[in-house]
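Note that the chains take the letters A, B, C, D, E and F in the order they are written out, and that residue 1 is the start of every chain.
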Amino acid sequence: MRFDETYSGNVFIKSHPNYEESKAVLYGMPMDWTVSYRPGSRFGPTRIREVSIGLEEYSPYLDRELEEVKFFDAGDIPLPFGNPKKSLEEIKSFVRQLLADGKVPIGMGGEHLVSLPVMEAVYEKHDDLAIIHFDAHTDLRTDYEGEPYSHATPIRKIAEHIGPHNVYSFGIRSGLKEEFIWAKENGMHISKFEVLEPLKEVLPTLAGRNVYVTIDIDVLDPGHAPGTGTVDCGGITPKELLASIHAIAGSDVNVVGFDLVEVAPIYDVSEMTSNTAAKLIREMILGWVK
Amino acid sequence: MRFDETYSGNVFIKSHPNYEESKAVLYGMPMDWTVSYRPGSRFGPTRIREVSIGLEEYSPYLDRELEEVKFFDAGDIPLPFGNPKKSLEEIKSFVRQLLADGKVPIGMGGEHLVSLPVMEAVYEKHDDLAIIHFDAHTDLRTDYEGEPYSHATPIRKIAEHIGPHNVYSFGIRSGLKEEFIWAKENGMHISKFEVLEPLKEVLPTLAGRNVYVTIDIDVLDPGHAPGTGTVDCGGITPKELLASIHAIAGSDVNVVGFDLVEVAPIYDVSEMTSNTAAKLIREMILGWVK
Amino acid sequence: MRFDETYSGNVFIKSHPNYEESKAVLYGMPMDWTVSYRPGSRFGPTRIREVSIGLEEYSPYLDRELEEVKFFDAGDIPLPFGNPKKSLEEIKSFVRQLLADGKVPIGMGGEHLVSLPVMEAVYEKHDDLAIIHFDAHTDLRTDYEGEPYSHATPIRKIAEHIGPHNVYSFGIRSGLKEEFIWAKENGMHISKFEVLEPLKEVLPTLAGRNVYVTIDIDVLDPGHAPGTGTVDCGGITPKELLASIHAIAGSDVNVVGFDLVEVAPIYDVSEMTSNTAAKLIREMILGWVK
Amino acid sequence: MRFDETYSGNVFIKSHPNYEESKAVLYGMPMDWTVSYRPGSRFGPTRIREVSIGLEEYSPYLDRELEEVKFFDAGDIPLPFGNPKKSLEEIKSFVRQLLADGKVPIGMGGEHLVSLPVMEAVYEKHDDLAIIHFDAHTDLRTDYEGEPYSHATPIRKIAEHIGPHNVYSFGIRSGLKEEFIWAKENGMHISKFEVLEPLKEVLPTLAGRNVYVTIDIDVLDPGHAPGTGTVDCGGITPKELLASIHAIAGSDVNVVGFDLVEVAPIYDVSEMTSNTAAKLIREMILGWVK
Amino acid sequence: MRFDETYSGNVFIKSHPNYEESKAVLYGMPMDWTVSYRPGSRFGPTRIREVSIGLEEYSPYLDRELEEVKFFDAGDIPLPFGNPKKSLEEIKSFVRQLLADGKVPIGMGGEHLVSLPVMEAVYEKHDDLAIIHFDAHTDLRTDYEGEPYSHATPIRKIAEHIGPHNVYSFGIRSGLKEEFIWAKENGMHISKFEVLEPLKEVLPTLAGRNVYVTIDIDVLDPGHAPGTGTVDCGGITPKELLASIHAIAGSDVNVVGFDLVEVAPIYDVSEMTSNTAAKLIREMILGWVK
Amino acid sequence: MRFDETYSGNVFIKSHPNYEESKAVLYGMPMDWTVSYRPGSRFGPTRIREVSIGLEEYSPYLDRELEEVKFFDAGDIPLPFGNPKKSLEEIKSFVRQLLADGKVPIGMGGEHLVSLPVMEAVYEKHDDLAIIHFDAHTDLRTDYEGEPYSHATPIRKIAEHIGPHNVYSFGIRSGLKEEFIWAKENGMHISKFEVLEPLKEVLPTLAGRNVYVTIDIDVLDPGHAPGTGTVDCGGITPKELLASIHAIAGSDVNVVGFDLVEVAPIYDVSEMTSNTAAKLIREMILGWVK
């Protein structure tokens, strides 16, 4: 972490050098030890920061520059390899501190399970919280072959915690039959396959609400995001995902935190997925941190 | 092959362990020795099976699970390296047996030439047969630099065999001028560039017909299917191809056999093309084997 | 270069063996030494020629074959490594000769800066010149960290040279705030994000004009063109770019030269980007050289 | 696992189809969740089996064929993702069963920590056990950043369990200063950098002893084994490692079990490391299972 | 082929532009259709020529420059895809012509089977012919699963043709037990595992003989030559192979032809194997063509 | 650069946070714009730092830990893309400052030309300077196709500057005939092909001398260092290079500066070359900075 003087890692482009003065805090959660398929997302945050250097600081979409938003890059949270329980505790404790200090938490995964403690911590502060979730997968299992701490369970756990009717999933194209049934029976919103159109319908109903947004990069089609652990064809384009971010930016919801997870540079080509992740983070910072 | 006890290869997810009880039979045709450009599709079937393990067994598109359809995975047909003539004979003889046993043949290539003996065998059984063909290439040559057994000739040969007016090609974006002219003059259907819209127009005219469907993975744009021998930009997205499969599933044609060919894992990135192939096969099994 | 007898490199498919008899001349400009991010486009022209062998000579889009257009492949212009000033002089001098001989210049980059001397030479001949520019980036800087010869400056320099109102950029999604402001204040046309629709609006206004077209391959989304130095998500598909080329072919502008730049094979997968570049060049030759 | 009828994975070339009749049992331990650097060895066993198909069954080194040794391939032990404690218990319990049935255990990792429960189980049966250990790394830490279950600790733990003077490490070129000091002070054998010569000196002193051999593939130089998580230059060649295996085969030690760990196919090129692993396993089976 | 005027491929560095004036002729045999494992060597000759451009023309080993030896690069022999019988006939007929014209044939594969017709043609001219063979594999099968034309049979066939006692294989580390037995019983020389030392012993016994040398690149360890179809660890280093070439150059044998086969660029990294092949060819030309 | 507060890049493992207190200074020279073959070494320094995190801090070769040597990591020197002249001036000026402050300069390239201004600056301070040079290439050209600033010229230029008899090259296996002749006629030492043995002979003759050591990573065989621009087989192993570094450490020369150049991560596999570079730098720091 970067709070002490000896920090020696790289940071996101145009991040602010001072924690106290910053409105938002970016941090990495380099955990991938519960994934059932291909690991490697632990290297996502480092690589996203590295390629962010090549980004322009200005968004022609939002006509805004990064220096207009003060955000601090805290580096990666040190997590104990192979110990998911303790890792999640470390993340929650870190995010609680950020929230106590009035910062907007901006997380980079790591596997999707890392979003769970963040959302729990945010819910402690905002009890009207709604979750907007972009993903190829439901992530609604109760456990994965007996393990409750799994990359396949975070949305189920947070839905049970804050109420399924407060969770809105978009772009979903894979899951167990039981997961879809559970969602339907419990009033959770799932938009299968599509993102932008159903999002535009949902956003007005969330006007004035505090919202946490969690994006699994695999909501994109593998052709546009090969650098991830579980590829599943039939996803959306970066253009649609950018438009969805801008739709939220233009809506009346109040984004109180967000993350982007599951970037695994090992499987990438031409650093395409890391670059896309960096650009998405830039757009979210510029559009959502007000 | 897997009929004897000593079979030691992997099989497609949720394939049924018993041949007799199965309605359909999946098999690999690992031949790539006549291709003029980049070989490697011989490894397609093995890799597709391998990655199929990561697939969900449930289709949220069709609301159906793989265990609802009994299909047997027979492994790969042993083919003599470098001997196309004998290879095609082996394939035809194998498929004839499947048809005699009342099974729906589901093939995985291999180069596109492997589809020819399958279609010939299916035509022996169903003399009203129509072919639906998704591809970037016409495959309508009479020969390739003097060789009649070539990956560039199978559609021409089957068209001459069953009558060109019974062949419907979609998504075509490459071929010789003569091939397009031959198709036009002989009443064969070719939809250039597009797939879904023209397919929806054609399907009603095929209502009640027995149909064999052959998909060359390169009908997809290379961005979505790099793992193939001959890339050619300007193709469709996986979303459109999935929708086309579902359109056939929802139509009144009777699919009596199908295949997916030209997956070459060597050129793939992030196992994207193999995963896409596995998902397409799942959707075709769930949608077409009734 | 190929004018002397000892030329030993490969050439583009169906290029004409004789310079004098040819209407157009294809040449490579293998320079990448001013790029700020990832080099490698020096190998673009060679690889594009190599994969062009796998192309069909016939375009089903335009119903025309390469042998209907005589174009000569002159090989790569020899450029001094690490010396941009001298390299640009070599390019300009070469293109001047082509124009003096009445040939249509067709360039392959190399980094985008190579287009500058070509456009300058073309402007010497055609003083009513308009530029059509497809790109992800504005390329409108005056300098890059003090260096005026940079891959980030060519459009600015040519705009100042021929008048900003004669420059039409499409697909732009990255740049400095100042660049967008400069373009607006100086009457230059920029279509952000989109290409085909705004192009169709602009083309009638250019009827009868002499036009040079410069395409940076990164106007495509990285999913469709990973083989380039600076990837930036949110781009268009090859289908849209092909349609744009055909729109120009069908319009009343007079294309007096064109180029395709920034193909960097090192970052490519399955030779997808090189193949796409070769096909785009085929379509431009068939559609624009009349 | 392969004991039940529904097993559907691939197996090592020429493995025997019957457990009861076999003298040795090959099994995979697909765990990589405690590694501090690059994960991916979970896919080692599957890929090694896959490429083993290309191996010759005959060893010209030992003049012996695989069919002369009956070994059963039990597939991979199912391990709970992200739960090292439970994973190690599963492994130990499985190996205890093998030993109770009189089989020689042959393990494929997975990370090196998987060797620990195997060695513990073997020690329960053979209380005179000595360990021969080939590795680039000492693996002698007491814990890794507080976690006792780590890929950096297995040799320390087994050394404390069976007595450090019964452990012989070869090829070591990386570790903490404290690890080397601990080894020296506690009478454990470490041959730094070299393998074959010191091994030949040690083997006569172990004559008649029961020995377990554990090989971390990174004892090879990265040039010969890129497909592993932690590369460290200065290692030995495959030729030397083969000669070391043959030296053990020709000695008077009694090999009661062995493993090969840390093959991570994701980082491999040309399947070189997996092929090397398969060949090493063939030689160990032919040389050591008597 | 390059004898006609329209040749448009690349050529080996410093090859002579004129066939008649040349002493030796370099040609590619781009066939890979009988291989049982991984295809791709059809692209070997093209890539070797391409990277040869980066070679120095001077050998500090032999103190000789390429311009001191006139050799013509004839391009690739056009071979019918998937038709091994006809392909071998084309090769033999081409080489017969070279020999009739008094040229030294220098072949680039392609799979190893391409060497067979060349050796047969050379034997027609030199009935005292001896073969020196560097390889990881025996290549002594009579057939491969029933196919006599296979990459596993060329040495057997030529040995039966010219007499097994005239064939000298070096570096062999893989084969069937029967192959080794056949060699031994029939007086053929096989040096297992090693190359340089046994070669130095054999060369004096061949003094004054006409010799054809065939090198399968997989005689090198995969760490040094990943770009080949069948990797097999335990091979020699490029340093040893260079020394072996120089040993032949310094001996009293008369090299009447030679080839280098099985380079498959698809599996290569950093173009290492192609570069090595180009350098080996340079050294063989400089050392053996007198 | 890292002297100001806003530095945001990563640093080498265990580098000291304070410039003033440090004895040595590590810096990157990310220039690759004069290379004639494959660029990409500009990314070497960043990647070497990144992978250094995985290194052990202790050397079992030298029994010394990094914290025993205070060295500061100054980051990369900002260099103007495509302007070699100005780039070399920036480097020289930076190194002069280091020397004025009494620091040992430790450079990371970048292409080999970056060593020239460093050696010139070191010579200004130590007029008895000798150069020890490990490389595959002579680098003794006067110019490269007319350009004096080229990656092929630095050793010639420094040899002319400090006297050829003060330059000792080892491992050389490529160059023009003229270069070898020039070296011989001018009393420069070149050991062809070999490194360790001739180095051991030379070192005693340099006892008491101030020495600068420059290592081109391509002195290693490509099998051990694929991540470089110009691969050339026949090189040494990392074991031999480590032994050479340790031989210098054990000799009586006084190393007053050193560098490691030409690491190009784009062509690497498994980060092997970057890891090797980081380990070599650790050994040089531990062995040479006293």
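The rule is short, and it goes like this: a contact is a pair of C-beta atoms (placed from the backbone, for glycine too) under 8 Å apart; a residue touches a chain by one contact, two chains touch by 3 or more.
Small disclaimer: the values here were computed from a predicted structure and weren't measured.
> Hey, how far apart are chain A and chain E in touch steps, shortest way?
2
> Return the chains common to the contact lists of chain B and chain E.
C, D
> Compare the contact pairs of A-C with each of B-E, B-C or B-D and report the one sharing over half of them by residue number.
Overlap exceeds half of the contact pairs only for B-C.
> Please identify which chain has its centre, taken as the mean of its CA atoms, farthest from the centre of chain F.
With centres defined by C-alpha atoms, farthest from chain F sits B.
> Name the chain whose C-alpha centroid is farthest from the C-alpha centroid of chain C.
Following the centroid criterion, the farthest chain would be D.
> Hey, which pair has more contacts between C-betas, B-D or A-D?
If we tally the contacting C-beta pairs, A-D comes out ahead.
> Where the CA atoms of chain C average out and where those of chain F average out, how many Å apart are those spots?
Going by mean C-alpha positions, chain C sits 39 Å from chain F.
> Counting in whole Å, what is the centre-to-centre distance of chain C and chain E, each centre being its mean C-alpha position?
42
> For chain E, which residues are shared contacts with two or more other chains?
Residue numbers touching two or more other chains: 221, 223-224, 267, 269.
> Taking the top-of-page definition of touch, could you list the pairs of chains it picks out?
Chain-chain contacts present: A-B, A-C, A-D, A-F, B-C, B-D, B-E, C-E, C-F, D-E, D-F, E-F.
> Hey, which residues of chain B end up touching chain E in the complex?
Residue positions touching the partner: 32-36, 38-40, 42-43, 78, 80-84, 144-147, 149-150, 266-267.
> In their shared complex, at which residues does chain C touch chain E?
5-6, 8-11, 15, 17, 46, 50
> For the complex, give me every residue of chain D touching chain F.
So the residues of chain D touching chain F come out as 37, 172-177, 180, 192-193, 221-224, 226-228, 230-235, 267-269.
> In the complex formed with chain B, which residues of chain C make contact?
54, 56-58, 60-61, 63, 65, 221, 223-225, 237-239, 242, 269-272, 275-276, 279-280
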